[in-house]
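For reference, the structures are reproduced in the following blocks.
In the two assemblies presented below, chain A is common to both, partnered first by chain B and then by chain C.
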Partner chain A sequence: MRLELEEISYVYSRGTPFEIAALRGVSLAVEAGEVLGVCGGTGSGKSTLAQHTNLLLSPTSGRVLVDGVDAASLEKIRLRQRVGLVFQFPEQALFAPTVEEDVAFAPRQLGLDEEEVRTRVEEALVALGASRLARRSPHNLSGGEKRRVAVAGVLAMNPEVLVLDEPTAGLDPATRETLLDLIRSLRGAGISVVLISHDLDEVAEVADRVCILEQGEVKAVGTPAEVFYGHPEYAPTMVRVVSSLRENYPEIVQPVRYVETVNVLKKLLEG
Partner chain B sequence: MDSTTGEVRDSGPLAVSCENLAFSYPGTERPALSNVSFEVRAGEYVGVVGPNGGGKSTLARMLNGLLAPDSGSSRVLGVDPAVEPFEARKKVGVLFQNPENSLVAPFVEDDVAFGLENRGAPVEEMRVRVRSALRAVGLEGYEKRETHTLSGGEKQCLALAGLLAVEPEVLVLDEPTSMLDPPGKRGLLRILDGLRGNKTVLHVTHHLEELLWADRILVLNEGQVMSEVVPSVLFSDARLLGENGLVLPPVLRLARDLGLDLPEIDSSEELAQAILKEMGKRVIR
Partner chain C sequence: MGVSRSLGRFYPVDSPLHALDPRAKILAVMSLVLGLFFVRSIPGLVLMAVALLAVVVMSRVPVKAFLKLPRVVLFIVVFTALFQALFSRQGEVLLDWGLLEVHEGGLLMGIFLAFRVLLLVWMAGLLTATTGPVALFDGLEDLLSPLRRLRFPSHEVAMMVTIALRFIPTLQEEAAKITRAQAARGAGFDEGGPIRRARSLLPVLLPLVIGAFRRADELAEAMESRGYRGGIGRTRYRELRFGLRDIAALTVTMLILALGIAL
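Entry: the complex of A and B
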């Protein structure tokens, strides 16, 4: 699916003395099967943007297009099945007595038959490495386990676009790696992912393209190398190291991911 | 403290002490904490690390009396939080992982004032303290904003301001930077650095680079204290890191994978300098 934001503006508390313009004319497309990283400082509009992808927030002006069709004209439940949104700290919304019931909740709302629901729950829990939790209460899990279950609940809808808002905040390295692997395998399956994160190092590892938001506007969008090397203030660790070296050796290539960077620097050290 | 041997500070008054703390959540077989014992001296800055489910957040809840241990006991500046939770909360402030859970008022300044108001602070003093707490976390000018319009990172700073305003002697921070962007993170670490010596800090995190300058680090895994070490010792102990699911800060990891021995380095610029130096050496050879 191609998801497009067209000149989106959004104002919180409009018409009150507390008006805040969170988005100011944002145009951005998520191509089918790509991982789009969205970075930007706190308060730059990242989460507000996320909530527009499935029209949880309706833009003050502008449109959201799904394969060229105005999303506002689509049935809400269908739109939200196709564009799955995982909030910040999504584990807050866990509510069912068991993990499998919790993950089954959304697919059931779609009116799927019970066998299909079971299959989806199983697949989603496997994808998050959470199968062994199926019969546990979601309320007695650790923070990392809860996060896995909450993401599984959205994945079980079989979305065509998965939007993740700070999915790794507060996670240990192993759980974070599970989520990054999930993102890579979704891309492999042709599902688009929007990864919203202030962790530039993690965006650098998985994004095909990167967008930087600043004060509700798109400051830059392009390949990770273009964006990160072009905007030093948003450079992840690897890019910062290489950029410092390029001051002396401008001929060094511009790696972004960790493994690429190690290879480039090893060659450099070998002379 | 001798940072080469990993000896811990052993003088000065105790701020926090835990003895054989054990706790299991209802309906679970595996204890969240078992036999947890450690001491923190007043003014120490202690990191707490380990995998999700290792017991870090449970420990934080125990220190302000939100949870009572099944057995064992803890003391915060002489007060047992399980027995006198309200007394303990005057001495220890906890910043929880999800800032949403800490915000109570519709407007920023009221939210910061909430804790002070409950303590009956005079209005004038309250104003001063609210203003200085907001300034400390970089939220000056946000006084009249509605809290629900703040971003995740701003909410995290706001929750911290609420905590700083009541000036607790012991701060327990559970993943305080989880929602912050890189400048926000640096700002927060500067605030925390400014508290060193005056306050006792327990800083829970998955990001070891935040603990480069901690007095020591407590590794919690499977509900037990696996180790108590100074940062440099933890960073150079691959087995200790591996067994507890910890990864080195990116700069140190890159240095290690390049075969450079640089345990003290903490910025990408320093690493780049070290690489240049190494290249220079090799060219001469």
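Entry: the complex of A and C
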């Protein structure tokens, strides 16, 4: 599915002294089956952008298009099924007595029959490596386990686009790896992913394209190499290291991912 | 969510009202809230309303912020008016539906009482709209401090009230956030009958309560780690000063109140 934001602007607390323009005319498309990384500082509008993808926030101006159709004309619940949104710290919204009940919430809201609900819950928990937690209370889990369960709760809707807002903030390395693996396997299955993150290294690792937001505007968008080498202030450490090496060795290419970078450096050292 | 425009939220602008000593404002509002019950005539109430309007204009808080009343308040106001109008049998009969009669006196009384409740709410709202939480706390604590001699925990009470007020917007924001997170999981909040609707609130209320406990814990730890150990021996960064203009403001308030009661 292709998700397109068209000239989206959003103003918080309109007409009060708290008024803030969070987005100023953002146009951005997520192609079918791609991983789009969205970076930017705090207050750049990343989370506001995330909430526009399934119209939890309605833009002050502009449109959201789902496969070319205005998302506002779709039934809300259908839209939210197709565009799965995982909020920042999604574990704060866990509420059911058991993990499986919690993950089953969304599929039940969709009106699926119990058999299908059970399959979805199992699949989602497997995808997050959390099957063994199924019968536990979500409130007694570790931070990483809670995060897995909360993401599974959205994945169980079988969305066509998954939007993750800071999914790895404050996570342990193991859970972080699970989430990055999940993103890769979703892409393999043709599902688009929007990964909003402060962590440039992880964006570099999985993104097909990168978008940088600055004060509610798209500052740059393109392949990770274009964006990161074009905007070193937003680039991960590896890119910055290679950038400064390129001043003396202009012949080396522009790697972004860890393995590529290691190979480039090896080649350089071996002469 | 319109949270920021709701009645009583601190509205940070410069105005003569914002500059007053919080103690003067608390005392004024307290005497007005009590005094309003002794205002028994329509001219008296109108005088109070006009005075309040003038003060609201002075405060530079937009009048709009006062029009958006919380539902509970609206319910109380409407209920008060209806109850009086339907059950008080004074004056001429205006409407007669068999069992129910609306009398002129009852209708007037209903409107009068409802308006009095509205004025109370607006006055309290103006206090919190023009007084930041810290100033409110300092003022409350200072006003309650004479009671310390009677072993009344004035510092603790003031601290609790301030924390409660401070966390209302935070919890509102959190509720909005959780509501949106559940909506992203397909939750609908305004469908079905009252029972279904009440049930649909569970996925929001439970995390909210759990979150409130977590916050309370964190706040307690943060306070302790910064050396908080109650009010004894605590000094203040900002000293309150009860100046001439505070005395003047209080005097004017009392005069208007007295006039309102006398009318």
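One rule holds for everything that comes next: the second predicted complex is superposed on the first by the 271 of 271 C-alpha atoms of A that agree within 3 Å, B and C clash if a C-alpha of one lies under 4 Å from a C-alpha of the other, contacts with A are read in each partner's own complex, and residues count from 1 in each chain.
The criterion applied here is as follows: a contact is a pair of C-beta atoms (placed from the backbone, for glycine too) under 8 Å apart; a residue touches a chain by one contact, two chains touch by 3 or more.
A quick note: this is a predicted structure, and the numbers were derived from the prediction, not measured.
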If chain A is used to align the two complexes, do chain B and chain C fit next to each other or clash? clash
Which partner does A:81 reach: the first (chain B), the second (chain C), both, or neither? second
Could you tell me if A:241 is touching chain B, chain C, both of them or neither one (first, second, both, neither)? first
Of the two partners chain B and chain C, which one touches more residues belonging to chain A? B
Per the contact definition in the header, classify A:3: touching chain B only (first), chain C only (second), both, or neither. neither
Of the partners chain B and chain C, which touch A:92 in the superposed model: first, second, both, neither? both
Identify the partner contact of A:140: answer first if only chain B is touched, second if only chain C is, both if each is, neither if none is. first
Which holds for A:152: it touches chain B only (first), chain C only (second), both, or neither? neither
Could you say whether A:13 touches chain B, chain C, both of them, or neither, answering first, second, both or neither? both
A:166 in the overlay: touching chain B, chain C, both, or neither? Say first, second, both or neither. first
Who does A:40 touch here: chain B (first), chain C (second), both, or neither? first
Touching chain B and also chain C: which chain A residues? 13, 18, 92
Partner chain C, residues of chain A touching it in the complex: 13, 15-18, 51, 54, 56, 76-77, 80-81, 84-87, 90, 92-96, 105-106, 109-110, 139, 153-154, 157
Quick one: in the complex, what on chain A touches chain B? 12-13, 18, 20, 22, 40-44, 46-47, 88-89, 92, 137, 140-145, 166, 169-176, 198, 200-201, 237-238, 240-242, 244-245, 248, 258, 261-262, 265-266, 268-271
What residues on chain B touch chain A, complex-wise? 25-28, 50-54, 57, 97-98, 100, 144-146, 149-154, 157, 175, 178-184, 206, 245-247, 250-251, 254, 257-259, 268-269, 271-273, 275-276, 278-279, 282-283
Chain A touches which residues of chain C in the complex? 4-5, 11-13, 62, 64, 174, 177-178, 180-188, 202-204, 206-207, 210-211
